[in-house]
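The two complexes that follow have chain A in common; it is paired with chain B in the first and with chain C in the second.
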Partner chain A sequence: MAAQLQHLGYEDEKLQRVMERLPCRDVQASMLLALMGEQCSYPSIFIYGHRATGKSHVIHTLLKELELPYATVSCVECVSVGLLFEQVLLSLFGSDSASLLSRSPSLSDFVRVYKQLCVQASAKQTRYIVLDRAELLRDMEANLLPAFLRLQELVEDNVTVILLSEIVWDKFRPNTGCFEPLLLHFPDYSKGELQQILSEDSHPSYSPELYSAFINILLGVFYSVCRDLRELRHLAALHFSKFVEPLEQGKESDTHKLWRNIEPHLKKAMQTVYLREVSSVQWEQQLQMEEKEAGVVRGLSAHAHVELPYYSKFLLIAAYLASYNPARTDKRFFLKHHGKIKKTNFLKKHEKTSNHLLGPKPFPLDRLLAIFYSVVDSRVAPTASVFCQISSLVTLQLLNQVGHDDQLDAPKYKCAVSLDFILTISRCVYPMLYCPLVTDWNHCQTPASAAL
Partner chain B sequence: MDNIIRKYLIMTLFKYGYIFQVQMILRERFCHQRLPEKPVGMESQHKHLLELLRRTAVHGESNSVLIVGPRGSGKTMLLNCVLRELLEVKDVNKNVLPVHLNGLLQTDDRIALKEITRQLNLENVVGDKVFGSFAENLAFLLEALKKGDRSSSRPVLFILDEFDLFAHHKNQTLLYNLLDVSQSAQAPVAVIGLTCRLDVLELLEKRVKSRFSHRQIHLLSSLSFIQYLDNVRSQLSLPQDFPDTKFYDEWNDSIKTLCEDQLVVDVLQSHYNSSKDFRSLHLLLMLALSRVSASKPAIKPTDLLEASRVCMVDSKANILHGLSILELCLIIAMKHLNDIYEGEPFNFQMVHNEFKKFLQRKSHSIHNFDKPVVIKAFEHLQQLELIKSMDSSTAKIQKEYQLMKLLLDHSQIMEALQKYPQCPTDVKQWAMSAFG
Partner chain C sequence: MKATRKLPKPTQSTSSHCNNFKDGAVVKLEAETIVSPNDAHSLDGNCNSAETVKVSPPKPVQTKGCFVFKPSANKRRKTPTVEDYFTHGCEDTENSKLRFRNCQTLWEKMKADTELLQDELNRKILDSLLAFIRKSVSTFQRGTDDWASRMRAHEIPTAALVLGVNVPDHDMTFQCLSDQLQQSVTPFVVSVQATECAALNHMLQRVLERLMGTSVSVDNEEEPEQRSTNVNQKRVHCSLITLCNWYKTVTKVCSYCKEHPPIVVIFKDLEAFNPKVLQDFILICSRYVEQLPLMFVFGIATSPSTIQHMLPHSVSSLLGIELFQSLSCTQHLASVIDKVILTSQFPFKLNGKVLQVLVSIFLYHDFSVRNFINGLQLALLEHFHSQPLSVLCCKEAAALVHATELSHRDVERLQQLPSFMRYVEEQGPQEQVELLTSDDHVKEVCQKLLKDLCKYHKNYYPTLRCLHILTASLPKYPLGKQIRELHISCLEKNVWENDEYVSAMQLLRMMAKDELTSALQKCAEILKSVKTKKMRATLLEMKTSRRTKKMSQFEILRDQALEFIDSLVRSHLAPPESQPLYEVCYYSSSAVLRRHLNATPRTSIQTALSNPYHYLKNEDLRAEDGTVSNAAPDICIVYKLHLECGRLINLYDWLEAYATVVSAAEGKDPDSADFGKVDELKHARFIQAVSELEFLGFIKSTKQKTDHVSRLTWGGC
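Up next is the complex of A and B:
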């Protein structure tokens, strides 16, 4: 492979160093090196691939180690185009160049200033402009993306624009077409490659084999859900100390037993740290504490920690019932003496479509109050405080108001919370509450009411 | 023995140097940094345009012309070749003023006017003057270009790249005024527009269209496959003035045998069938050229085959290859929903329901994941833009119930499944079963 790259005129040691820093990316790095030429290079290259497949890492390592002139901009940071232009000029031509740009420069100004600066500092080598997260360029001005793709032609200089993105090129193409860049794909890492890369972070005081075994266990739990290298590294860093805890305490040394120790923690991590329900600091603290002392981890989701007043809870439950039960079933569930409900042809045809799949339906205020009165366990007078609580629920975005704001006498609402939230709430209002939720005509009780 | 080794070393050193030069020459050709001697396959258009511009430059006639052709067909190349030939004449070179405007850069008529002033080097003359209208400003500029004896103004060639974008400016002022000047006898101007839209005349307002001479030069490529092959051979061959004749002969012979190889002919045929323009050809040849090095100083048929494969790959299939098993199962669930409900939009709850049905009935290897983990996988698919929300307002509907649609084809999913590494068999069978 080094022989292939000889014609580029780079020294062997530099290339060797570069290749060491790019594990499992030899093919892509050599292809890029072959395309990047001294005298001239293709005007634009588009590199796509999943997150954490090493696109920015490879490009930046190559450009830095081989000391090529380049400018790198992340499009996330550029809220305005002026910032983008400034950063490019700053990196390519030095710090006084950006002052030549006016306050809110247009693309025309940028090209003119670039041409001016080029004349003063002509390029012997190709200059590179790297645009990270290039999918955000589509949302900026419409002429920006096509202009950057043909920047070489517009500024008449030896410059190559490299676009890095997660999204495929087909979604970038403007309506009337543009200059097609060279497309390069960075494939995802296979399980073996992930194992190899993650094992490189091994802790100095433990053997690499132990760390490899740990990575193996980690991948066994998380590989089917997540292949993102960054997430896996984060999880590995968080859990290694817990993994070697028995070793340090001198209790166990068998890998199998270490695995049995760590596995429940990894499974729990999937529900919390992986979902960012708890921060890594909270998680580390929790791992430090003994099992019996550890309380429930407070997650970020609403159902873990929202405290509502007493009647608000009933109102929310009534809203959930109103949203997910069809109106004709109210008579059956909430009245003491109800008749039979006949199944019509319509119902027979649409048996399979459950409300739980389609989403909440809007209901009028009267129906909410009717269900509320039958669900609450004491006599409640319709005072303003009850109605006030309905408005607070709307402000908390636990209910959504449907329809126009100025419909004062018959407002309609929709329940915006999930079944889990309702279950958590209804657990608090013991003694119980018969919670009929229609999922299927044959099963009129859900696990919710069975649990209650 | 010594001599032979020394000769061999010298030869490889020279070869290394020659390969470097070959790379340089061919890259300049493929990366569009050097104009060809004369453009291929456009002789009549070249003659027409040259004649037109000569009439403006030498005889002072005003003209307007539009060069129309799809992307990559060589419009800019044609124009630059014609300009190069025109400016070879000394008189013309001294007199003619080319002004290059681009629709991508000059997005506004005001910016365009400043650019015209700058390119005509009249910034000092204009100074701080304030003009009432665009027309006044333009007339002033053209007046200022009059030669010393006040007999006639210098001819100006206005070259408008991405002409269709100028038609989107407010009132099409720039176009109106330029074409107006070209119709009246004010000054000899030639307005040359380059555009990729064949229906560009529909975009012009009536008053602008009437001032345009309706002269269009079309660059619709009419190369036959044999001509295309010849073009490939000439693009890859070295020019006559290469320093070493032995290497020159070797290289050109290898290119000739390459173009006669059946594998190469098949690859070029498939490229020719999808697009005949120069740009995509240059892309292919650039990729093939990048594999040439001192240790491998010739282009082999496999290089072209590899390059073709890189060009023609389905990018979405590449992305599908890198998804996790959970995300793949979600995509298969969506495919089943699309099959059952014939493309109606779905929401997360429906997909989750399908997935749970699979887990209950058929799966052995997939773990029953919690709902939030499945939601995270679903959102990842949304970020990759493999599924898209149907309505743009996300305010009032919970994210599990928002209607989405799948942006993948049935065949794409099935092909991706075949190539997916270590795909569990129960997942594959689920995908291929008809009723989920």
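Up next is the complex of A and C:
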């Protein structure tokens, strides 16, 4: 590979070193090297690919190792356009350059200052501007993305803008049309490539072969569910200590037996750790705990229970019922003498689809309180604390206030919790005797909800 | 009715208590009809606004609101002290100073005790949190030496602190946490709240300002001005790069920062944060994790799974989350009750109903221990303020001294106490005469009774605990799961007359041997620690019974032991009402407390509108049930008329009805031509009344029909 690249005019040694640091990305790297030139280069390159496919890594290693002038900016960080411009200028032209920008610079300010500085320090090399998470550029000012794509023309300098994103270019193209950048795709790593990359960060006190064997086992278990390099690396770090435990104790050296030792462990980890529910530190602690008592690993989701004041529970139940029941049915469910309703025509056709599939519907405060008073078993005075609880449920994100023009007189809410959550709560509130009643309500909502 | 505009006056709106809403309404109505300031003054005493003021010296802001209408404003130049507020309007001013001092010392002791208790309860979780943070610091410092920590170098260590649903209560814990962190781990601690971080740049700005602002004053003085101006200049572009540079210079300059103290960011109320902002903030921070030892603390009110709901996997994988669960608030309350209420240490007691009010506010409404303690404070103040004999409510020795110093007026009051009268009736005729005539004799008896009361308390609590230990493990908890439930039922009536008590005793007889003995052993320990004279004798008996129990005659001994417990209960767990002079120590007006703590603004407004006599006390306004007199304020008439309408109200019909009523009030002849005619004045009054109703939230304009308004309340037809 290095032999092919010789004509590009970089030193062999450097190229060699770069290529060593970019395993399994030879094709993309050489493509980029071919695009990057001293005299003139393509105005903009768009690189896309999934998370952890080495986009930023390849670019940064190339630019850094070959000692090219470049600026790299993450668009998440740029709360204002000014910050973006400032960072670009700072890293291309040194610390004094940013002071030339006005307080809230526009794009033309940036171009003007860039030109000015460019004349002072004309470059022998192509300058590079790397914009990470470029999809956020779309949300900024409308002229920003097209301008960056043809920045070379605007500033009349030898500059290339490299956009990195996880999204394909089609989603970027503005309505008004723009300069088309060169597209470069970074495909996902294959299993063999993952194996090769993961094996590189081996534990210093064990042989690389052992670590490689471990990675092989790990991929065997997890590859079917997870191909994210970062996640796999996390998993490897998490489980390696368990893997080498028999070795530490001096009992075992046979890989096959080590495999049998670790396999049940990895299977268990598959349930929780992929979600990063428990931190790696806590996972290790739990492993030690398990030696003493065989308990299930409890992640964050195991702690879903929320302690609420008594009336808050009822308010939440009332909110749930108001959100998922059609308002017409209130009379039937919550009034003692509601009269007879013919079952056949009771639900309209569109209501027969499951309300759970449609999601919560907004309801006014009055309806919430009316249902609350009929659900709660004792007489409740409409005290200030009951109203306070509604607003604190909103801050706890258990209810959502729906945007509405009449926030003061007739506020509207939506219930933001799941059926499971409500069932847990109603089990606390109602003694076992009444429990079927609550589930009955939920089934009553629509016949189809029973299927859920 | 100009007074309506006065409602949002700063003096009244600043107080957080909802009750003020009602008081606001009261004052407003007064101001409308009553011209003479003297009347206003006398009325003040009738409605409870004055009371609210007097009993709450800790909130002096609240007090100003009510004195705004006082005529003698010129004398109030010097700001009155808390004591003045207390003595002002007291039932009896002679000993009010003494009572105030009693109250203060008692409260300070109680406050100190509860604070100590809360510190202790918090300590465990704070200690583990501090240990976690220290450990993360050390891994950051060790850097790349350790393989495992190198592998997770990109995770930001995060502590998820689950604190229970009452968010205002968390402030103290976070204050404690950041103080301890600043003392022992790192000077760089920032806490942010959701309300100040609506957008990402605000959040960055807050974090940067607080970090860099505080430490400028702490360390080097060479260039504080320059740096602070620097911050101001960069306000537009505050980014983590600035922070990085700042951190580098700070750690270089100051000596103790050499070991790279972490930057801890505390998110006080995670649920309330905008998820997008939080995600972006974490993404940005993770880019600098190699240069800045950042660390997060999430304050979570609901459950840890909110983290998953708020943060997608791509973001949460950047955090190494560790979970810390605090004590549940019900346990917290139980320990507070145990420390403050179930003890003979404090002479001040709550009766069953009052305690019930406080506990039910906690359980039904807010889960806030802080509010519970505030309620306790209110009860304390109310008691000392309204009960002149509360001079005797202090430590035993002091109470005996005070008893000898009682004035004649106080002795009379003492004789009028129901419990004392009951006591007198039980005495012989000779004694009765003396008790009713001789002040000195009353004082002597009073001392004796006070001693008895003390003794009663000393015996009551250990016995209560014993009974609770025995019954708490019974199936279905016949006497309650928590000790406070048992306490409340003991306070209300003779507990041994309850059916539940009888069934509990039967269940105890059926209990397994080892369970029973272990429970009895615990009882014996409690009784031992108390060391009352009477108990000590019985203790021996208990011990022997326990020792011999293991033998075959278990059943006989068991019956004996239970009989003994029963006798203990009968002799010591009588309700306090049976004790003479219990009024001195027990606060019993639960209605007052409920009105203050659990206000019903809507009911008050409705009462004011439908029955103006209730607040205005004007005889002209007195009316039969459900009707409003013609002479009532305009808004009351308009309100009454609007109750008769459906959801939509035709304004013109409403106006005509109003004009008819008002004409009748003016005493016009119903047959005359202009009866019920709308003139300009009536029109204006009507419009004003309607807009006031709109202001109060009863009606609003609607787009459905132009000349209609829609009702926002239901019922009333």
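One rule holds in what follows: the second predicted complex is superposed on the first by the 294 of 452 C-alpha atoms of A that agree within 3 Å, B and C clash if a C-alpha of one lies under 4 Å from a C-alpha of the other, contacts with A are read in each partner's own complex, and residues count from 1 in each chain.
Just so we're on the same page, contacts are C-beta pairs under 8 Å (C-beta built on N, C-alpha and C of every residue); 3 or more make two chains touch, one makes a residue touch a chain.
Remember, it's a predicted structure, so these values are computed and weren't measured experimentally.
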item	value
First, second, both or neither for A:T424, with chain B first and chain C second	neither
Partner chain(s) touched by A:L183 [first = chain B, second = chain C, both, neither]	first
First (chain B), second (chain C), both or neither touched by A:H50	first
Contacts of A:E153 with chain B and chain C, given as first, second, both or neither	first
First, second, both or neither for A:Q196, with chain B first and chain C second	neither
Partner chain in contact with A:D366 - chain B first, chain C second, else both or neither	second
Touched partner set for A:T329, first chain B, second chain C, both or neither	neither
Chain B and chain C footprints on chain A, overlapping residues	275, 277, 301
In the complex with chain C, residue positions of chain A that touch it	51, 74, 76-77, 79-80, 82-83, 86-87, 103-104, 201, 203-205, 230-231, 233-234, 236-237, 240-241, 275-282, 300-301, 303-312, 366, 370, 381-386, 388-389, 392, 395-398, 406, 408-410
Touching residues on chain B, where the partner in the complex is chain A	16, 19-20, 23-24, 27-28, 30-33, 70-72, 76, 102-108, 111, 115, 118, 164-165, 196-197, 279-280, 283, 286-287, 290-296, 310-311, 313, 315-316, 318-319, 321-326, 347, 349-350, 353, 366-367, 369-370, 372-373, 376-377, 383-385, 396-398, 400-401, 421-422
Contacting residues of chain C [partner chain A, same complex]	18, 21, 147-148, 151-152, 155, 158, 160, 162, 164-165, 167, 199-201, 204, 236-237, 239-241, 269, 271-272, 280, 283-284, 287, 301-309, 313-314, 316-317, 319-323, 325, 328-330, 361-367, 598-603, 697, 700, 712, 714
In the complex, chain A residues that touch chain B	3-7, 9, 31, 34-35, 37, 39-43, 48-50, 53, 106-108, 111-112, 141, 143, 146-147, 150, 152-154, 158, 166-171, 176-180, 182-185, 187-188, 190-191, 223-227, 270-271, 274-275, 277, 301, 356-360, 400, 402, 414, 416, 418
